[in-house]
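Chain naming follows the written order as A, B, C and D, and within any one chain the residues start at number 1.
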Amino acid sequence: MPHVISIALIPLLPLVGFILLGLFGRKYFNKSAGFIGTFLLLVSTALALYTAYQYFFDIGKVNGIYQKLVPFKFTWLEFSKGVSIDMGIMLDPISVMMLVVVTIVSLMVHIYSLAYMKGEARFATYYAFLGLFTFSMLGLVISSNIFQMYIFWELVGVSSFLLIGYYYDKPSAVAACKKAFIVTRFADLGFLIGILVLSFYAHTLDFNTLIERLTSPASNEFKAAVGASFIGITALTWGLVLVFIGGAGKSAMLPLHIWLPDAMEGPTPVSALIHAATMVVAGVFLVARLFPVFSMSAPALYVVTFVGVTSALFAAIIACTQTDIKRVLAYSTMSQIGFMMFALGISGLGGENGLGYTASMFHLFTHAMFKALLFLGAGAVIHYIHSNEMKDMGGLRKYLPITHISFLIACLAISGVPPFAGFFSKEEILLAAYHHNPAVYWIALLTSGLTAFYMFRLYFSIFWGKQAHLHGEHHGEGGFAMMLPLLLLAVGAVLAGFIPFGHFVSSDGAALESHFHWQFSVAPVLIGLLGIFVAMWLYKKENDKPAKMAASLNGIYQTIYHKFYFDELYIFITKKILFNLIGRPAAWFDKNVVDGVMNLTGNTTQLISEKIKGYQSGKVQQYALYFLLGIIGIAALFIYVWK
Amino acid sequence: MNLTLLILLPLITAIAILLVKNATQVKWVALAGASAQFILAIVLLFAFNKERANGNVSQMLFELQYKWFPAWNISFHIGIDGISVAMILLTAFVVVAGVLVSWNITDKTKEFYFLLILLSLGAYGFFISLDLFILFFFLEIAVIPKYLLIGIWGSGKKEYAANKLALMLMGGSALVLVGMLGLYFSSSLKSFDLMVLSKLHIPTEVQKICFPLLFVGFGVFGALFPFHTWVPDGHSSAPTAGSMFLAGISMKLGSYGCLRVAISLMPEGAMQYANIIIVLSSIAILYGAFATMMQKDLKYINAYSSVSHCGLIFLGLGMLTKTAMTGAVMQMVSHGLMTALFFAVIGMIYERTHTKQVNEMGGLLKVMPFITTVLFIAGLCSLGLPGLSGFVSEMTIFVGSWEHTDTFHRIATIAACMSIVVTAVYILRAIGQTAMGPLKAGYENLQDARWNEKLAAIVLLIGIVAIGFAPFWLTDLINPATELIMQKISIIK
Amino acid sequence: MNDLFTLMKSELLVTAIIFILLFLKIGKGIQNDKLLTIIQFLLLLNLVFGFFFNEEGSLFGGMFYTNALIVFQKNVLNLGVLLISMLFANWFKKSEHMPEFFMLMLSALLGMFLMISSGNFLLFYLSLELATIPVAAMVNFDLEKRISSEAAMKMILSSAFSSGILLFGISLIYGITGTISFTEMPALLHQSPLMIIVFVFLFAAFAFKLSIVPFHLWTADVYEGAPFAATSFLSVISKGSVAFIFMATLYKVFQPMLGLWYNMMMLLSIATMIIGNLFALRQQSIKRFLAFSSIAQVGFILVGMSSNSTSGTAAVVYFILIYTFSNLAAFGVAAAIAYQTGKEKIDDYKGLYQTNPFLSWVMALALFSLAGIPPTAGFFGKLFLITSGASKANYFFITIAALNMIVSLYYYLKVVRAIFMDKNEQAIEKINIHPTTKFALLLCAAGVIFVGIFSWIYDYIQSLA
Amino acid sequence: MPEPGLYHLLFISAALFFIGMFGFFTRRNLVTMLMSIELILNSVNINFIAFNKYLWPNKMDGLFFVIFVIAIAAAEAAVAIAIIINLYRSHGSIDVEKAEELKY
C-alpha cells in the first residue's frame, strides 16, 4: 500500500499555503509569499511524481491490470445507511496522471508568477488563491466519492472565481468572475441532481461501489436504474446526462462555454493554470472517472460525443476571427477539450474499443503541456507589450527570442505536426474516431486543420507581420523566473508524445498498445500543414488580404466574430426573462400583495373603529335606549332564534 | 449539569446590567454574561455527549421538573436532546457576537443590553422547555424585547416594522395558544407536558385541527410563506444586533417549535398536511430567492434570502424523512450563524458608509479588507460553498428530500436545488457591487473593523467553519433525536 | 353574637373606619396629609386584619353569606382601596373635602362587601345601590370641572335606569318563584320564555355595572369625566366586586339555565372584546383609552366565567387581583403626570422616557400586563381565563379571544411607542412623585411581576374556590 | 263592578314602566328624567305588591322589598338632585342636551 501521509500531503501542502498566506500573508510575508507558495508546491510536486512512480511501476499493477486503490477514507457526513460523503483518496491511472499534470503545471505557474506578478499589492493573496486552487484541484482528482468530488468541484469553481476576479477593481474582471461562477454553478446544478439520481439508485456515493453496482447488469441497482424512466429515458441516462452537464459547464462545452473567453480577464498565469491546463479539463476527467457507467448507456455517450464535436468545431471557427490573443487561446482550449470529450464519447470499454479513452486522456496530458506553454508565452508577450490585442503586436521575434521559440513549438504541437506531443495524441483520437464514427472523423479532421490555421495566424501576427510600434520602457522577457517554465514546458511539449501512454492509462486498466500507422496519419498532417501555410500566406507579411476576406464574407464573418451571438442570447435570458419576468413580479407581489393584505387588515380595523364611533354619542338618553334595545334584542334572540 | 443555569445566567446578567452604573460597565457585564453563556453551552455540549457515550439513551437528558401552577397540572419541566443542544449552541454563538457587535451603542446602552440579554433568556428557555406552557411563556417573552429593540434603536420606518413584527408574532402565538389548548383538553389527563403528550396518542380529529394551528403559529415566527412579511421590514429596520438575534435566533424558535411541538406530537397531522407544507416552502424558496434578486438594500437582500433559506428548513421538515429532518435542523443552525454573520457585517459597513444601498457602494475591499472578506465568506456560505455550514445542511436536505420517489417530491426538490443557482446570482451581485469594482468616491479613508467587530465575526466564523469542515459532530448530535421523531411517523406510515 | 363579629368583620371594620373619619372630620380639622396617613394606616390595618379569623357561615336567615373565597375577594378590594389611597396622594392632599371622598369611597366599599356576600336579592339590591350612589358623588368630586358633573349626571341617571331594570326583573322573578333568596331559587327555576326575559333583565343590570356591550356606553364618558381616584375605583374595585357577585349568582342561582347563559356569555364576551378594542384603538385621552381597554378586559373575564367551573372562578379572582395591580399602576402613572402637567393625552407622553424613566417603566409594565405579555402577571391571568374558557373545547370562541389579544396589543403598544420611541422636544418635564405614590407604584410593579411567577398565589385561590 | 285582578295591576305596572321609559328617553329636563325613573320604580313596587297579594300572600318579601325600594329611591333622588344642581352651576342649565361634551 502506498504511504498515505505522503499522498495526503500532496493536496494538503497547498492548503497550508492558502491558510498561511491567506491569514497572515498581507501583514507578515507579502514579499516572501511567492517563495513560500512555490516551495510548498515544489514539495507536493515531488511527492506527486514519487507517487506516480510508485503507482505505475510498483504497486499499481496487479497481474497486468491497474487497480483502483483507495488507501484511505473516512466518513465525513452520513446521510443515511450507506449513503455518506466520505473523504478519501483514490489512486488509479487517471487520477495519478492528473496529480502529475496539476502539480507540474501549477508549479510552473507558481514560478512564472514570481516574476509576472511582482510588485502586485495583493501578491500574498494571489499566492494564497493559487494554493487554494491547487488544493481543490488535487482534491478533485483523487476523490474517492462522487460527493467529495462535487465538494472540490465547487471549491475549484470558487477559487477560479477568486482568481478571475483578482483585479477586483476592474469592472470587466468583476463581471467576468461573476459570469464564470454563475454559469458553472448552473451547470453544477445538473451535476448535483445527477448525483442525487445516481446515488438514489446505487444506494451509495462511493465511486468504486457505485461504478461496480451500476455496471453489472445483474445487480438490482442496475435493474432499478434502467427500469425506472422519465419521459421515455432511463434514469441511468438521466443521471449520466445531468452529471455530464456539470462536466460540460466546467469544461466550457457548448452551450455553457460563454464564461471561458471572459475568464481571460484574470492574470495570464492563472489562465494558463486554470483555464487551459487543469480546471477546464475537470469535465473530461469527470466523464472519464464515470466512464464505465457511461459505457452502459449509449444515449449518454452520444450526447457526450455530439457536444464534444460541435464544441470543437464551433470553437475552432470562432478562434479564427478573434483578435485578443488570450481569447484565441481560450477558444482553442475549448476546441481541444471538445476533442477530448468526443474521444471519450466514441470510445468503448476495454481493449481496442478503449482507444478513444486512452487517446482522450493522452490528449489531456499533452494539451496541458503545450496549452500552458502557449498561455505563459502569451503572458510574456502581454507582459512586454501591455496589450492583448493582435493589432498592437507584430515582429516580436527579435525582442522575445525564447518566448518566440517556445511559442512556435507549442503551436506546432497543437497543430499536430510530428514529432511534437500534440501529433501523437490527436492522431490517436482521430484514429479512434475513424474506426468508430466516420462523420465525427471528418469533422475532427476539418477542425484540426482550422486549429493549425488559427494557431499560426496567432503566431505570425505576434511574432511576424507588421512591426509593432513599441512605446514606453520595456524590460526584457521578464527574467529567469518567467523563462524557466517556458523552457521546461517546451521540453514537455516536444517529448510528452513519446510516452507509451496506452501502457499506463486505458479504459480497463490493461495495457493498450498504441499502434502507429503512418499511412493513416498522412491526412491529418497534410491538413495541418495546409492550415499553417494558409496562415503564413495571410499573416506572415503585413498585407490587406485578411481584411479583404473578412469584408468579402461580411455577414458570416460578423456572426463568427460575435461568437454566434451567444452572449447576447444569455443576456436576453437572464436580464429579460429571469429578472423582468420572474424577479420583478416576485418582488412586486411581496411588496404589494402579501404586505398589502397585512396592512389592509390593520386599516380596515381602523376604518371600522372610525365608523362606529357614533354609537358613543354622549347622549345619556340614547345610551339608555341602546340599553333597552339590547335587552329586547338579546331576549328575542334567545327566545326565538337560539333556543 | 443543571439546565436551570441556562435561564439563571442570563437572568443574573440582566439584573446585574440593571444594577451597574455607567455604560462601559454595562457592556463588560453583558460581555461577561454572554461569554459565560457561551462557555456554559460548550460545556453542555460535552456533558451531553459524555452522557450519551455513557449509554444514556433516554430521549431527553438532564431533565428537571418543578411544580408550577399544579392546579393546571403545569410543571416547569426542562430537558434537552441533540436538537436542543444544537439550538442552544447557536444561541450562545449569536449572543456573544451580538453583544460584541453592538459595542459602540451610545443611546440608552443599559436598556439595550438588558433587552438583548432578556431575548437570549427567552431563547434558552424556549429551547430547553419540555412543557408547552413554559414553552409558550418563553416564546412570548422573546417578542417584546424585539419590538423595543427595533422601535427604539432601529432605523428607517422602524415603528411600522416594529409594530408589524410584534403583531404578526403575537398573531402566531395566538394560534399556538389555541392549538396547545386543544392538545391540553384532547386527553383525559389534562397535561401540557410534551413528554406525556408524546406518549399518549392524540385523537386524529384533534390533530387535524391543532396541527395547522400550531404549525402555522410557529411558522409565523419561522417566516413560513406567506406569513414571512414581517421579516424584510423587521430585519432591515432593526439595529445590527437586533437583526442578528431576529434572524439568528428568534426565527429558529419558530422552526424549532414546528419540529418539537407540531410534528413530533402530531405525526398524523403532519402526514395530513405535509404536501401543503412542501408546496408552501418550495414556493418560498424560489420566490424568496427571486425577490432577493430585485433588492437594492443589503439588509433587505439578506432578509429575503432568509425567507428563502428558512423555506429550506420547512421543506426539510415537510419531507418527513430522517435525513431531511436532520438537514432541516442543521440548516437552522447554519442559517442562524450565517445570517447573523451577514447582518453583523452589514451593520459594520452601514456604520461606516451610512448607506445600505448596494449601488451606492463599491470597491470596499480596498479600504476594509477584513469586513469585506467576512462579507464574502458569509455570502459564500449562503450560496452553499463546501467547507462552510450552508453546503452541508442544504445537501442533507436535498438528499433527504430525494428519498421520496414520487414526482411531486422530486419536483419540489429540484425547485429547491434551483435556489442554489439563484442564490449565487444575488449574492454575487451584492458582493460584486459592494466589495469589488472601483472604489466609490468618499470612501477612501474608512476604517477597517475594530477589535470587537473582528472578535464577533471570528466567533461566528468559527461556528460556520466548524460545521462546514466537520459536519459529523453536528449530525451525530442531531441524528438520534430525529431518529426518535421519525420512528413515530414511520409507525403511522 | 361572636359569630356576627367574625363573619361580618370586613364590613364592621369598614364601618368603623367610616365613623372614625366622621369623628375626625367633625372634630377639629386635621390638615390633609396627616389625615391621609391616618387613613392609609387604617386601611392597611383593615387589609391585614382581613386575612385573620375567616369563617364560613351565614347570618340573618341566609341573607348574608360568607366563606374564605369571599373574604379573599374582599381583601382584594381592600388592597385596591389601599392602593388608591396611596396612589393619588397628591390629589387628596389638595382637595379640601378629602375625608368626605374617603367616606363615600368606603361606604361604596361597604356596599360592595355586602353585595359580594349577599344571600338574597333584597340585600343584593340594597348593597348594589349603596355601592353605586356614593360613587356617583365621587365622580362629581372635581366640583369646578364641567365634565365632572356631566359624568356624574350620566352615571347617576343611567345607573338609576339600570337599577330600575334590575328591580323589574327581580319583581318578576319574585312573581315567578315567590322567593328572593339565592339558595331557594335554583330549585324553582325552569327555562320558559318569561324566565328568559327576566334573566335577560337581571343579566343586563349586571352587564351594566360590568360595562358589557351593549350596556357599556356610560363607562367611557364617566371614566373620562371623573377624577382619577374615582375612575380607578370604578374601573377596578366596583368592576371587581360586580364580577365576583355576578359569577356567584350565575354559578349558584342560575345554574339550571346554564345552557342559556353560556351562549349569552359567549355572544356578549365576543361583542365586548371586539367593541372595546375597536373603540380603544382610536382614543387619545388616556382615561378614555383605559376605559375602553378595561371594557375589553371584561370581555376576557367573561371568557373565564363562561367555563362554569371552580377553575373558572379561581381564574377570574386571580385575574381581578392582577388587573387591580396593573390597572391601578396605569392610572397612577397617568394621574401623577396629569396632576403636575394637566396632560392626559397619549400624544403628550411622547418622549416621556427621556424625562421620567421610572414612570415610563411602570406604565410599560402595567400595559404589558394588561396586554397579557410574559413575564408579567397579566399573561398568566389571561392565559388561565382562556384556558378555563377552552374547557368546553369551543375553538371558535377561543380563537376569537386569542385574536382579540392581538388587537389589544396593538393599542397598548401605541402608548409604549409614544413613551419610548417617539422623539419629542417639549416632552413632559420631570415629574416629582409623592413618596407614598412612588411606593404604591413600586408595589403595583412588584405585584405585576411576581403575582404571576409565584404560582402559590394561584394555588391558594384555587384552594379557596 | 268587578274586583281588579292581578292582570289589571300588572297591566298598570307595565304601562307605568314603559311610560317611565318613554319619559326617560324623550324628556330634555334632567329632573323630569329623574321623575320618569321614579315612575319605573313605582311600577316595580306595584309589581311586588301585586305578586305578594295575589300569588304569594304568605310571603312578605315583596312588601319589604317595596319599602326598601322607596327608601333607596329617595336616597338616589337626593344624590341625583345634588348632582343636577352642580351641573346647573357648571352648565347654567339642566337640559340634558347641554351636557354632551364627553363622547366618542
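Criterion: contacts are C-beta pairs under 8 Å (C-beta built on N, C-alpha and C of every residue); 3 or more make two chains touch, one makes a residue touch a chain.
Note that the structure is a prediction, hence the values are computed from the model and not measured.
Enquirer: Which chain would you call central, comparing Cα centres to the global Cα centre?
Expert: Looking at where each chain's C-alpha mean falls, the closest to the middle is B.
Enquirer: Need the CA-centroid distance for the pair chain C / chain D, whole Å please.
Expert: That gives a centre separation of 27 Å.
Enquirer: Averaged over CA atoms, how far is the centre of chain A from the centre of chain B? Could you give it in whole Å?
Expert: 36
Enquirer: How many angstrom lie between the CA centroids of chain B and chain D, rounded to a whole number?
Expert: Their C-alpha centroids are separated by 66 Å.
Enquirer: As a quick test, compute the distance in whole Å between the mean CA positions of chain A and chain C.
Expert: Computed from C-alpha means, the inter-chain centre distance equals 77 Å.
Enquirer: At which residue positions does chain C touch at least two other chains?
Expert: Residues 153-154, 157, 161, 220-221, 410 of chain C touch two or more partner chains.
Enquirer: Where in chain A do residues touch at least two different other chains?
Expert: If we look for residues of chain A contacting two or more partner chains, we find 602, 613, 616, 618, 620, 624.
Enquirer: Can you list every residue of chain D that touches 2 or more other chains, as numbers and ranges?
Expert: 24, 33, 96, 99-103
Enquirer: State which pairs of chains touch, listing all of them.
Expert: Contacting pairs: A-B, A-C, A-D, B-C, C-D.
Enquirer: Which residues, counting only chain A, touch chain B once they are in their complex?
Expert: 26, 75-80, 83, 85, 147, 150-152, 154-155, 158, 165, 168-169, 171, 174-175, 178, 181-182, 185-186, 189, 192-193, 196, 199-200, 578-579, 582-584, 586-587, 589-590, 594-595, 598, 602
Enquirer: Where on chain A does chain D make contact in their complex?
Expert: 613, 616-621, 624-625, 628
Enquirer: Show which residues of chain B lie in contact with chain C when the two form their complex.
Expert: 67-72, 133, 136-138, 140-141, 143-144, 147-148, 151-152, 158-159, 162-163, 166-167, 170-171, 174-175, 177-178, 181-182, 184-185, 209
Enquirer: Write out the stretch or stretches of chain C touching chain B in their complex.
Expert: 311, 314, 368, 373-375, 379-380, 383-384, 386-387, 390-391, 393, 395, 398-399, 402-403, 405-406, 409-410, 413, 416-417, 420-422, 455, 458-459, 462
Enquirer: Could you pull out which chain D residues touch chain C in their complex?
Expert: 17, 20, 24, 30, 33-34, 37, 40-41, 43-44, 47-48, 50-51, 55-56, 59, 61-62, 64-65, 68-69, 72, 75-76, 79-80, 82-84, 86-87, 89-91, 96, 99-103
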